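Next, two complexes with subunit A in common: one pairs it with subunit B, the other with subunit C.
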Partner chain A sequence: MDRLIPSPMKRRMVSARWMTLLFQILSLSLVLVHQRETLTPRSLGFSALLIVLTLMSQFLVNLFHQADSYLLMITNMLFSIGVILIYRLSSFYGYRQLIFYSLGIALFFAAYFILEKTADFWVQKIYFYFLAAAGLLVLTLLFGFVSGGAKNWIEIGGFSFQPSELAKVPFCFLIAGFYANRDRMRSLKGGKYFLMAATYVLIALFFLQRELGTAMVFMGVLFSAQIAFEEDKKVILLNVGLAIIGMVLAYFLFGHIRTRVDIWIDPWVDMDGRGYQITQSLFGIAAGGFFGTGIGLGHPQYIPLAYSDFIFSAIAEEMGTFMGIAVILLFLLLVYRGIKVSLAQPHPFYSVLALCISISFAAQALIMIGGVLKLIPLTGITLPFMAHGGSSLVTSFVLLGILFYCSNAALEVPDEEA
Partner chain B sequence: MERILRIIEKLFYTNLVGEINLYMVTANVFKYLFVIIVLYFVYTITRMIYLDIGQLRGVGLKRSPYLQLITRRENLRYHVQNVYPLKRDNIIGRGRTAQVQITSPFLSKEHAHLFEEEGAFYLEDLHSANGTLLNGELVEEPVMIHSKDIVTLVDVEFLFMTGEDDG
Partner chain C sequence: MKKPKRILFLLYAITALFLAMSLYLVYFQLIVGPKIVGNSYNRRNYIDETKILRGNFFDTHGTALTHTVGDSGHVMESPRSYAHIIGYNSEQYGKSGMEKTYNSTLLGLSQDDLFGRFKEIVQGQVGNDLHLTIDNDLQLYCYDLLEGHKGAIVVLDPSTGAIKAMVSRPSFNANEINELWENIMEDKSAPLLNRAAQGLYTPGSVMKAITAVAIMESGIDQDYHDTGEQTIDGFTYTNYLGAVHGEMDLRQALIRSANTYFTKKSTEVGLAGLKEVAEKFYFNKVIPFELVTSKSVAYYKTDMSLNDIAAAGFGQGDTLVTPLNMALSIGAIGNNGAMMRPNILQEIRSPRGVATYTSAPSMLSRVTTPSIARELTDDLVATVNAGGAATVKGIDVAGKTGSAENVSGYSHAWFAGFAPAENPSLALAIVLEEEGETGAAAAAPLARKIFQRMLRD
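Moving on, here comes the complex of A and B:
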């Protein structure tokens, strides 16, 4: 555990922090020259704010001796790569992303402190989490508006956001609550199927919104949690069976899912129409080669939504396949850290919670990177910490803050479990 | 601002040879740097994780001082680690900023201070409510602490190890 950091490790920690700073300074100077038409005091402020926020958050995180400071170090690097490419594509989206980042960092620490003050409050409220997640999705169905092919946006007082992103938080809590109170749930009639039933209800709501990506993330999180914590193998088999039947049914019932699969199998037949996004993404990645074209010298603007859904293709084009591999490695490290947090955490609720959060990051990265590389059918979700999108970035940082709290080695374990 | 912009424009976007300008040269040099920096970052983190896992197994502890738990963990109602590696300067207590944090309700936030000075280790009580014992004696002012001395913090006991002579 990272309780006391021996000196060789501390040196490396400092050097890793310097790497982030060096990367930010070099890439920012390059991007500022490239975006010289929009070079105003504001863009210099943007650069300064990015560097200050990163340094400050990393400094603050090191004050928590008990918790895992790598988590934020890795995500800060991921965010830096992402935001610099977004700024290179459009300074407007770059500013927005940075504002959401500052909000995200604030909520990261807020999540830690709220959980610290109310650690035991959260353990029992299983039904509340289900209602919260379902409520968010029903709200979108009733009041949402359509953007980018999915009805998953909602507007309150001039701010629009995606409740489906926020729903990840109660969903992770729901699974953690279920497995932390396993014995109590099992004693209820049909109690051991409650989690599966609840997840299927949420997934059905996603299908109504045509939001398939997040449904896949939820499924992945449920499945991983079952493999890790479910003692009854029948439940897992039932889940696999239902998932396969569900996928086949969905393919034949919904036209838009058939379209997605058709594009995935052969995007080249309809290159200017339905296959446009994915073929442009593949052209972009191919144009980059191993080391990329260099920032500002490629044409990632030809890739539709290069700043959000297709950010990975834009990175691979301008910074190269090697940078793409580095991004995947960073995600791997993040997820590895999360799973280690889960294994080291003696408190059952926070242990399950840590696993669910790590898997949700992993599933999102896998679905999105696999999607833009045409390895799996493409669905429109965001690459956590990198893609432009306020709801997604803020939710990711809240989840990271919760994971950060879970990494606290000194949590008190409830008596009956000890 | 206008002038700076013009200088930048001139400096970076004047063709040096044929169609090649300074911006293209810089961007091309930097793209290798970026890959190297980020992969080096991945390398450092991986090394740290490796050291971290070693620490979990107790590897790498041998050469540095640590506190070894003696009290049976089952008798304690709060979480205590078996081993606490020590730095040059350690606060032992209940508070979050303590280097050796033990969430015992009997400890003060900053309970005791264990530090190294000129190669020797000293234990000091930080005016804690319930006091600190070294080999059964109440610590009143900083006292030198030797390997295999027993530190008692109310109901939990540790063996202090300098980690140099023991195998």
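Moving on, here comes the complex of A and C:
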């Protein structure tokens, strides 16, 4: 079995851990200097809490020698870059993000432990996952309220969250279940089309909620999973064909999609109205230059939703294009290690699961960064681990925890199915 | 079941996409970024001015025209007199005048010396002071002279182009622009308009000074027999009060301000000649200036009728001129035919008092030869002396009055002149808008007062 953990183990692990700490200390100092006139004990508390939580999680994760602790360490770096800039923009959102982080870390380890205890329980299910995902989406349709142009929020006891974010989890399990039980599915009539059909149903539900970005992510994950695991080439081609037809249909059917494409092609004609967000994002990125304006010296507050949808632009403005490239490379590293987990994991179910989770991170990052750079139309999805948002952050850590479990070298492989 | 090759393919594809995005970021920063940064919707171009100590304005003698209030702004000592020169500075409504033109200088944004930069970081940014060519005493005096009238006065030094005074009424209290904005917008008399540089008025007889140059340059016969009437293409022109002057040369025609003479001679000079001379006097051209100007209009289209040409010759018709242009034009005649570029900014001084810029005079246009200019100067001195309204004891004043008919039915009262005639240090143009009186009755006496005050100390 491939060695997931590079050697010499001890030295590499140590330096990676300290890099994040160094970054945190340096950038937090800059933020505190920038806010020197409004410093409170809470600001110092924030900094201390971030550092302590990160160190704790790094320490804990390195105790799992059989799994890939790099996953969490890369993520901690990404998270730190994001949360520090969010805090610089707004201490309120910064605190909230930190609280979500602590919840996320807890769920990260919880996911690992739960899966460890119940590894076999999940392998045979398929329809359950589909129903779970569809159920979450239907719930939003029925009870949801609109925020930010998409009807995808639900309020429970004063807290609002996005079930569509959460739906990623059962969706990845659905794909894993499908390909892990391929023979069983193939024996059913039309069984080999089930996954595609299920995905399209989910995507349709997303469209109804105007959640186009997540629909694209789901599509990307399905497509990648097919490339990796689908043996019947016709199914893949059918998917491609349907997707193209679907996209063209969607463009003509849905006005808001045409709007987004129009804004993408030329936002400059309507800088007051529809083009406002993307043009302000571009101004911010341009203002930073390669090395950034410096934390606190730029004007990321002019970018709308700089703490969530456009966090990448804010980072590019104050920390520079080089930091933007660093973020891209960190995501690439994360995805690379995730795919490596998929390659190395002999258990079919968890191998597919690892691939799906990795691709979902990749797709989100590509679509989101591509959008704020105006390479593709804006879609309103969030950058995992970096954008402010409880549902997104928590879901991402849950997925990461599952991926972490997939990297478990000690997983027992089942016998080949009949 | 697993196909490592295909998974690897996915990995390569994703890697390629991520790397392509990184490259695009670099491309964006190098190529696209610089192009969009200057966009007016980019709020980063609008500095937080409350952190900068704005520079102040001073007149040519160093008298303070503004003083600092709070830690960043300033207010004018005479907000109505200088409303159109210094202009208003409002967070809501923007800036006008020199506040707008020299905004970055007043904010010290172009501070290049290292010491200044360091001081900026430690103490906060301080802007540069602007020293104007304006003579505060004269500026306030001219503003008071226009009390009860609409119009403008421009006084300048014709040998350098330096503006000594520029007033426009109706005016407004520029220090209170935010509170007054609504009222100003509703005010039909347009107090925001800088009539001195942007007001376009029918010149009437003051145009005859310029037409005289055209007549002299064209070489046509300057004699004329006046019968009180001149008919051109079926239209008959008469003189003021129907006067008949008999034999006239150019000087006589100027003294009497004879419409009949000028209509006839204009048609003889012809469209091309008139247009060429008018444009030497900067009609139809944008005068380079630190404040917004309007282009004076010398309307000469090739299919003009003779009557249109005639009307243009004595300052009616479609001709329009700004007081600034008129002052520059009359000053050019006094300055041996050289029209100098007008300027209000004399010097920029850094916060430490060092002059980082001093304006130097430059010629804008050669309107005519020195000999024609001197001859015309003598004519204009005779004109003033004969009229008597603008004369000053002991000094030769050259000039021309005008009473311009216009659509309102009340003629504009004009005077344009310079003194001392042989070597003028002052040239001015006064226009009283829709005054309903002649230039001689209303405008010339104001010119006398100004010359007396400035030249007889």
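Here is the rule we use: the second predicted complex is superposed on the first by the 404 of 418 C-alpha atoms of A that agree within 3 Å, B and C clash if a C-alpha of one lies under 4 Å from a C-alpha of the other, contacts with A are read in each partner's own complex, and residues count from 1 in each chain.
What we mean here is this: a contact is a pair of C-beta atoms (placed from the backbone, for glycine too) under 8 Å apart; a residue touches a chain by one contact, two chains touch by 3 or more.
Computed from a predicted model, the values in this text were never measured in an experiment.
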Subunit B versus subunit C as contact partner of A:G292, first or second or both or neither: first
Which of subunit B and subunit C A:I81 touches, first, second, both or neither: first
Dominant contact partner of subunit A by residue count, subunit C or subunit B: B
Subunit B versus subunit C as contact partner of A:I369, first or second or both or neither: second
Touching partner for A:Y336 - first (subunit B), second (subunit C), both, neither: both
Touching partner for A:M56 - first (subunit B), second (subunit C), both, neither: neither
First (subunit B), second (subunit C), both or neither touched by A:P348: second
First, second, both or neither for A:F229, with subunit B first and subunit C second: second
Touching partner for A:F283 - first (subunit B), second (subunit C), both, neither: second
Partner chain in contact with A:H34 - subunit B first, subunit C second, else both or neither: first
Common interface residues of subunit A - those touching subunit B in one complex and subunit C in the other: 329, 336
Interface residues, subunit B side, partner subunit A - complex: 1, 4-5, 8-9, 12, 23-24, 26-28, 30-35, 37-42, 44-49, 51-52, 55-56, 60, 64, 77-79, 81, 84-87, 90, 96-103
Subunit C-facing residues of subunit A, complex: 179, 182, 224, 227-229, 271-272, 279-280, 282-283, 285-287, 289-290, 298-299, 302, 316, 321, 324-325, 328-329, 331-332, 335-336, 339, 342-343, 348, 351, 355, 359, 362, 365-366, 369-370, 373, 375
In the complex, subunit C residues that touch subunit A: 1-4, 6-11, 14-15, 17-19, 21-22, 24-26, 28-29, 32-34, 36-37, 39, 41-44
Touching residues on subunit A, where the partner in the complex is subunit B: 1-4, 6, 8-9, 12-13, 15-16, 19-20, 22-23, 26-27, 30, 33-34, 36, 39-41, 63-66, 70, 73-74, 77, 81, 291-297, 318-320, 322-323, 326, 329-330, 333, 336-337, 344, 346, 409-413, 415
